[in-house]
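Letters A, B and C mark the chains as written, and numbering starts fresh at 1 in each.
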Amino acid sequence: MAEVVTRDFVSATQAAVKDTQLRQALRRAGTGFDGTRREAIHEVTPEVWEEWREQARRIKEHTIGHLDYYLEMLERNVTAAGGRVHFAADAGQANAIVAQIARDNGVRTVTKSKSMVSEELGLNHVLEAQGIDVFETDLGEYIIQLANETPSHLVAPALHKTRRQVAQLFADQLGVPYSEDIEEMARIARVVLRQKFLDADMGISGANFLVAETGSLVIITNEGNGRLCTSAPRVHVGLAGMEKVIPSLQDLAVFLRLLPRSATGQRITSYMSMVTGPRRPDDEDGPEEFHLVIVDNGRSRLLADPALRESLYCIRCGACLNVCPVYQRVGGHAYGWVYPGPIGSIVTPGLVGLGQAKDLPNASTLCGACRDACPVQINIPRMLLHLRHVAAEGQGSYQGTGSDTESLFARGFAAVMSSPRLLNLGRKMGRWLLAPLANRGVLGQTRLPVVSRWTRARDLPIPPPRSFAEIWRDELSNSGSDSKRA
Amino acid sequence: MSQPRTIRASLFTTCIVDQLYPEVGVSVVRVLRRAGVEVDYPEGQTCCGQPLYNSGFTGEARKLAERTLNLLDDRAFVVVPSGSCGAMMRVFYLDLFADDPELQARARDLSQRVYEFTEFLVDVVGYEPATGDQPERGCRVAYHPSCHLLREMEVTGAPQRLLDAAPGIERVDLPDAEQCCGFGGTFAIKYPHISEEMLADKVAAATGSGADTLTACDMGCLMHIGGAVSRQKLPLRVRHIAQLLDGESG
Amino acid sequence: MGIPSAQFRETIRAALGRQSGPPAEPYDVLAEEFPALEARAEAVRERAARETPELLDRMAETAALRGWNVQRCDGAEEALDYVTSLARSLGATSVARSEQEVFETVPVDAAVAGAGGLCWPAVYDGPSSRTEVRQRLAESDMGITGADYAIAETGSVVVLPRRGLSRLVSVVPPVHLAIVRPSDLLGTLDDLFALRRLEHVRNGGDMGSYLNFITGPSRTADIEQTIVVGVHGPREVHMVLLDKE
């Protein structure tokens, strides 16, 4: 599996917020994608958009609720079309399956179109260890493969890289003359990868959707690399998380409307390719073998928890990242694993364990922008709250280890708030302690523990002599309504 | 004039107003009374439980929520000068008591009676601030829609309507208004480095808007934004919307 | 290596707390019987035929917005003129095309020849010619195909690779030209999928190995969100929209 460094969230984000280049890149992408997304919604009207979202959600809810049934239907129909379906309980199994297919076919070169699942599995390293040349072909993925990095965004994997960095990378790794011209860089990638496409023995793709009734794998791309990966090599392997299935071809329509608009604001992507089995004997071209690898790798744990199940409705559009004020400041890498942003803060603890990723559910102000942007209405804040609850009070299947200090503080807070008398006493003590430290009526920078984390950038009010309850009792309770004036 | 009818409302001030910003509570009472509302104040109220709920301490939060339900069970309308606490009572109590049908039924009942302050003024009272109600003063006000008010309580227009109708207030656009200010309760002290970045953007948007006053319906957000404004000694007043409607000129 | 599918499904059922078997409430779309599907598909066809003039206008407008160079043509002659002038402006020497019915009414070979180029059918005569055809495709200046469907809602051309229609003709050359007849036009994505489903049922569960849904040129914005056209697919796409068959 891909390296999990989710425990470093605090130090990673401390570095990230100071990275002005990253911030600039994030702002460009965030406002760019989100601006066109909003335009696209406006164009179809918010009412129609809401209907689409509800329809999509109903489809996902139904399918995930009967996932075993639809996976069986999918398997039957892929097999009937001449393909083979493999089931992997975890990353190790998935990688072994793909490696075996490669060995069986004497594969030396692999071209890949973008697949987040393959990033999750860390598949490239496994194939490379077997002596296979693996080429990512999505431009963004190609860039991060050359840089030996991981994606920082669900749909724009190299978003964190500036044109200068890419130019330097191409010059260093490909031996081409340094050029900051973006068209030129895209041209270089085209030329380098063109021959790989034609030479590759095996193509690996992800799947945006799997259609149960026809046994089809659907991928949505803009560059055309997905078409080449699934058309040119002798063998095509599709990788998909088990949640990607939808019942009918008819269900695809609404997702084709929602996904591109949510992801980049495009009304439709340049390409949608639907693969149903290998080439037929009569076909001019296409792979002779088609394999579909369905991956669990922790998803059944998310499925088992009714509070987290809807995280499996995600179609990986990245809209929640683009609107998230936290993601927009820290970028994708800080989240420490393959899936960043708000949805990553649910999926990552689910897949790698909450104990490994305790910061992620807390790294949100619960502002709700992600839920509003989600094309399948996933209630991300509610799931973050659930994970916080599990971490704090240690129940459920994702039991983390709550912090004792915090738990003590929470109990103390509850005790004080259960008694107006104690609360008032608390305020008076606070006033007594803090007033001597005050300057212009507020508390400025201080070394007091916890408080200092507030006061490093913000003044704190000193509790006033009287509470509202006291003012009410003394002055307001008997003054009645002065509405007669109006 | 419409039929004279007396609307009674029970005020839930929220603990932050009660303990740190009592003057906001006073303005809330004054504006409600001016709007013809008969205001009462259920004694013994403290915290709705939201800070605990947001930190995952559901068990402790339930104690406070149940306490709040007990206080508010028979009140016709409950008015809360906060979108955040209002959302807790309207939306999250239902989740909090999901496994207890009796308490959940009471929570559901409360959810239909609880209103955020501006929402109550506009949707229930039909209040239009009028000249003569308040002292005339000229100020340019930027309104920050706090996240839970906007997205959980779905109050999208009431505050702006009241500000637009209030004499002497000129409302100016706040750039990226719907971006969170970075408070998020414990978020601000757990991840101060991220919170401060969000805060800096919000403060920059407010100062760049041409407003002399920033307002919102939540003292949590305003304590956060105001704390930075005060630290940086910026020429910007930060006021709860009730204070502006009350004609407080500070 | 992996686990048996039954075991995989058992894990899922345990997670869902569900017994095996179909959903208690049948899924509407899948419950549709063949005659109903056939009737719906027929209705789609009829509506498209009835609304052809509107669909043509909508197609032209949407396709242009999505990056196609749209040329509306009154008939084959105009279409061929367009092909000739395009081939000439590209300085095309090698133009690949599919073998499709549309070229009987719009014989593009002569039109390309008129511009001094060679138009050749990209079909394989057995496995040995595969490498050769691919190499020729990689060196050609343009690929021409017909359309199996054209979707007005999205401005897209749908091609179904099969005998005579290589998957690569519309993606490998730097320019793609699609010839769309009025009878190819459909209103919406829903229309397309209704017809594909019917095909699937009719052919006993087979609707072909591939479907290409093409909307505008190949593009990327992976470096600094700057849009560049023509990454791995064509940088330039042309749609000849025939106003009548």
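The working rule: a residue touches a chain if its C-beta (ideal position, glycine included) is under 8 Å from a C-beta of that chain, and two chains touch if they have at least 3 such contacts.
Given the structure is predicted, the values throughout are model-derived calculations rather than measurements.
Just say which it is for the chain contacts: an open line, a closed ring, a star, complete, or other.
Contact map by chain: line.
Taking every chain's C-alpha mean, which one sits closest to the mean of all protein C-alpha atoms?
A
Please tell me the distance, in whole Å, between the geometric centres of subunit A and subunit C computed from their C-alpha atoms.
So the centroids are 31 Å from each other.
Take the average of all CA coordinates in subunit B, do the same for subunit C, and state the distance between these two points in whole angstrom.
A distance of 55 Å separates the two centres.
Residues of subunit C that contact two or more other chains, please.
none
For subunit A, jot down the residues that touch at least 2 other chains.
Answer for subunit A, listing residues that touch two or more other chains: there are none.
Would you mind writing out the residues of subunit B in touch with subunit A in their complex?
Touching subunit A: residues 6, 13, 15, 17-22, 25-26, 29, 33-39, 41, 43-47, 49, 51-61, 63-64, 67, 92, 95, 130, 133, 147-148, 150-152, 178-180, 182-199, 223-224, 226-228, 230-231 of subunit B.
Subunit B touches which residues of subunit A in the complex?
Those in contact with subunit B are residues 10, 13-14, 17, 325-326, 329-330, 362-369, 371-372, 382, 385, 387-393, 402, 406-407, 410-411, 413-414, 417-420, 423, 427, 440, 442, 444, 450, 453-454, 456-461, 463-464, 466-472, 476-477, 479-483, 485-486.
Would you tell me which residues of subunit A are touching subunit C in their complex?
25, 28-29, 32, 62, 65-69, 71-72, 75, 77, 80-81, 85-89, 93-94, 96-97, 100, 137-140, 143, 156-159, 161-163, 166, 182-183, 185-186, 189-190, 193-194, 197-198, 213-214, 216, 222-225, 227-228, 230-232, 242, 247-253, 256-257, 264, 267-280, 282-286, 293-294, 296, 300-301, 303-304
Enumerate the contact residues on subunit C facing subunit A in the complex.
Within the complex, subunit C contacts subunit A at residues 1-5, 7-16, 18, 20-23, 27, 29-30, 65-67, 122-124, 130, 134, 138, 154-156, 161-168, 171-172, 188-190, 192-194, 196-197, 200, 205-226, 228, 230-234.
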